[in-house]
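Scroll down for the structure; my scribbles are underneath it.
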Amino acid sequence: MTHSLATCRSDFPILAREAHPGVPLTFLDSGASSQKPESVIRAMDDYYRLHHANVHRGIHVLAEEATALYEGSRDSVQRFINAATRKEIIYTRNATEAINLVAYSWARANLKAGDRIVLTEMEHHANLVPWHILAGQIGVELDFVPVTDDGLLDLDAYARLLTREPKLVAFTHMSNVLGTINPVESLAAQAHAAGAKVLVDGAQSVPHLPVDVQTLGADFLAFSAHKMCGPTGIGVLWARQELLEAMPVFMGGGDMIRKVTLAGFKPNDLPYKFEAGTPAIAEGVGLGAAVDYLTGLGMEAVAAHERELITYALERLEEIPGVRVYGPPAERKGGVAAFTLEGVHPHDIAQVLDRDGVAVRAGHHCAQPLHERFDLAATARASFYLYNTRDDVDRLVVSLYRVKKLFA
Amino acid sequence: MTHSLATCRSDFPILAREAHPGVPLTFLDSGASSQKPESVIRAMDDYYRLHHANVHRGIHVLAEEATALYEGSRDSVQRFINAATRKEIIYTRNATEAINLVAYSWARANLKAGDRIVLTEMEHHANLVPWHILAGQIGVELDFVPVTDDGLLDLDAYARLLTREPKLVAFTHMSNVLGTINPVESLAAQAHAAGAKVLVDGAQSVPHLPVDVQTLGADFLAFSAHKMCGPTGIGVLWARQELLEAMPVFMGGGDMIRKVTLAGFKPNDLPYKFEAGTPAIAEGVGLGAAVDYLTGLGMEAVAAHERELITYALERLEEIPGVRVYGPPAERKGGVAAFTLEGVHPHDIAQVLDRDGVAVRAGHHCAQPLHERFDLAATARASFYLYNTRDDVDRLVVSLYRVKKLFA
Amino acid sequence: MDDFYRELILDHYKNPRFRGTLDPHSFTYEDENPLCGDKLRIDVRLDDTGHVVESAFTGRGCAISQASASLLMEKIQGASLDELRALNKDDVLELLGIDLTPARLKCALLSLKVLKAGAYGLSGESNPDE
Amino acid sequence: MDDFYRELILDHYKNPRFRGTLDPHSFTYEDENPLCGDKLRIDVRLDDTGHVVESAFTGRGCAISQASASLLMEKIQGASLDELRALNKDDVLELLGIDLTPARLKCALLSLKVLKAGAYGLSGESNPDE
């Protein structure tokens, strides 16, 4: 396992390319979207070259092969997060759509004006805007758990907000800016005790940590394939079967129905009930391959590798005068370092790093309220994944010294 | 142009495979989903091997390349349907989501209980169920234009339904079962005269016919990449800019916002306003390549080729005793032949044909009400695309004789 | 193909045994496979000891679904209610004697689903095998 | 990199010309680039003949956006209102003298956008260049 992690870098074709002529690529932007291993790229390529047809209703060899490949991926995903049944694995476009699905289907059926939803200040826009839209449409009230200066959730404030008896608590498992890994199990237990349902935004955790929905405590979990070695265009909503059964349909069309007449329709069984129209078939196949790849490496090993890297990265970054890294210490966070460098705008940092082939992201990382909270317009963010190494950290640091020099 | 159509079959790697050992593949199921040419498969493969990163906000070489490729595809699609601006090209998962977007955003903002929507009996479930859901939620009334025995829309009935002043008329450009090509321009003109907006389901027309939104007369047009040589996981909603500007947002999250605070958000400009979260990037790239491929062949040539094939296919099929093909004569239809064979269930037809490598679809083709209309539980359907040939028709016919013999 | 449409299946399709309805009956159940439009109704008459004395089916569907219904009717003559309830997928596949692709499995199992739903006196949705 | 952050740009970034606010002014406008958090305000004072006598900017942002504001202020001294309105993207790119990637174009053009919105007395949304 650790062995294959050590050599896995060569599984990713793109990492062998040059950023610019003669300049190797140091990819530190996996928090935005990860690269894909050969096995994932190949699975989709093979799919189109050999097996493609529309799935589910076909009685010919291609339709059968395509269906088996596509539905097989659902089994892989089920095992990956230890869901009780494949019926609980709903494919969406991305984590964002998964959260919107909950907002449109579950929330509109179960919440009314005045009902409260607890969110946090560290949420990604994906776990803010769907609730803003809902608030605008049906008048639910949103409360926000503050973030401490250390980048942790303020647990006292959380407990107080729970006394207002929210119907839903929705928070990220891991912050895409601070890297903070939130204590989901205890947060969820408290929320449940207060009578709320719990939605966990797993966009940053499922790719990087072992996540087991049997112990997590969430009622809903959302994540995206493209951040976990899988393709763009597909994400997952997991929820417990009873919840999904009770929820009204979201989008209508082929596949999500059992029967249609001019007068109306009967929804299909799970998981299809929530999957309208021709699905992202090749993307399902790619996600299955990604999950198999990650399973092969072992998520414990992946998490340990990233823990080691972030520990090293924080050490090195904090040694650079003028650099400030946001978020908790390495023990409490995943492989994300959002930082500023005094006197240099993050855009300029990113631009200069890019000339050295070092790819980081600069901006608000779809977490404007969190940046407001720290009174920042933007940060630069280096994010790590299984294929990154200490060398990558070193190259980042060397290049940051060049930035400093240029702007001195 | 015609020249490349004549040789284009070899552009599609999957068509060279065998259906079963020693049995060549005769793919007649493009109405469900088309095959992909080498250029499309390669574009996506290259994308992942060389250029992938998350789009839009990145200041590094991969993010810039990925953004240029992804957004470049939008320009290709704009040109392909002759849209006035790239802002009018909204990427969705598929045609189904495009229609749902209109139902959730435009219709919920503009329609109220008692308002009428005119649909037709030949609609795909994608253009029925979203309106059923809407009717269940806000109490709009649905009217259906009947289909004549010849498989055409009953235009007198349509005119009568328009006198009830519907707010929306939504119909398919081309039936995926009957093949009927509806006279969109005149239907739309009548609808507009009656004060209705017009949604055209272009899932079957955009892949097969030249479609120019400047002359079509539609206000909304929905289609899917996977039926037009492109990948799964991406579709398009086109609508006129003023309409899109006035519509409320649908799903919330990253990319679709200009600004987010804890108190609310401001939507982004078009087209991003309707694209929440990480988009289907590789799929956009693939769709761009598909549209370039089709543009290279010329949609006039594609349509002419399919017209010739369906003419030949109808001739040959109707010569088989017991076969009945549904829908209008070849002059009024696209390359789709839905048929029954007396005494043999369509599932059995498809199953036996499959043994000869002939892939057709059997079932209701997501058009249950249309099958009800013709008092059928199911039909078998052969559908043609640019890579099909007369030989494919001949193989279908030979195999159908084997079906007859087996069930005699 | 010759596997798929063995003589036995074609024979039961073309010449179905036990086709019809029973009146009176001990139980009757009807269901459909909406995705393919197959419909099936099964009527069963039990004797005092709860054994099948007569059964019959009507419906429409493909050769696989019709033949499997006919074969199933044949098999259950004389069976006890408990035996009906214990029938499973493998029993039906054994009767048909062919390998089925997932898409056709639903066709093959419709008769089993209807029979068991009737035997349990349950709605089709909560068929314990689902 | 040395292209991107030419001496000129770094100089204008580190030592911005015309930084500040004007009171009174003929027009003032403020806008932001919400995606990157850059903010810019430009104040302009015109003389009786409608020519710029003084202009100033404040705001925060990256080197590109700040340098482009500073360079733009320099350029417009003495210009007529019509000349302000006629300014376009290429003028700014020429001032900067570098090739910009699409992601950075917005940074470079923020000052132009703000200036023209002010000059037209229009809201930022309906800037005629958009």
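The first chain written gets the first letter, and so on, giving A, B, C and D; residue counts start at 1 in each chain.
Rule of thumb we're sticking to: a residue touches a chain if its C-beta (ideal position, glycine included) is under 8 Å from a C-beta of that chain, and two chains touch if they have at least 3 such contacts.
Just so it is clear, the structure is predicted and the values come from calculations on it, not from any experiment.
**Q** Which chains make contact with chain B and with chain D at once?
**A** Touching chain B as well as chain D, we find A.
**Q** Return the distance between the CA-based centres of chain A and chain D, expressed in whole Å.
**A** Each chain's C-alpha centroid was found; their separation is 38 Å.
**Q** Calculate how many whole Å lie between the centre of chain C and the centre of chain D, each centre taken as the average of the chain's C-alpha atoms.
**A** About 79 Å, centre to centre.
**Q** Could you please state the distance in Å, as a whole number, between where the Cα atoms of chain A are centred and where those of chain B are centred?
**A** The separation of the two C-alpha centroids amounts to 31 Å.
**Q** Considering chain A alone, which of its residues make contact with at least two other chains?
**A** Residue numbers touching two or more other chains: 57-59, 63, 259, 347, 351, 362-363, 368.
**Q** Mind pulling the residue numbers of chain C that touch at least two other chains?
**A** Within chain C, the residues that touch at least two other chains are 34-35, 104.
**Q** Mapping chain-to-chain touches, which pattern fits: line, ring, star, complete or other?
**A** Here the contact pattern is something else, fitting no line, ring, star or complete shape.
**Q** Spell out all pairs of chains that touch, sorted by label.
**A** After working through each pair, the chains in contact turn out to be A-B, A-C, A-D, B-C, B-D.
**Q** Taking the touch rule as given, give the residues of chain A at its contact with chain D in the complex, in rising order.
**A** 344-348, 351-352, 355-356, 362-364, 368, 371, 376-378, 406-407
**Q** Can you check the complex and tell me which residues of chain A touch chain B?
**A** On the chain A side, the touching residues are 13-14, 17, 19-20, 25, 27, 29, 32-33, 35-36, 40-41, 44-45, 48-54, 57-63, 93-97, 99-100, 103-104, 121, 124-126, 128-133, 136, 142, 144, 224, 226, 231-235, 249, 251-257, 259-262, 264-265, 276-283, 347, 350-351, 353-354, 357-363, 366, 368-369, 372.
**Q** Touching chain D in the complex: which residues of chain B?
**A** 56-59, 63-64, 67-68, 258-259, 266
**Q** Which bits of chain C are touching chain A when the two form their complex?
**A** Listed in rising order, the residues are 34-35, 101-104.
**Q** Could you pull out which chain C residues touch chain B in their complex?
**A** 1, 4-5, 10, 14, 34-39, 60-64, 104, 107
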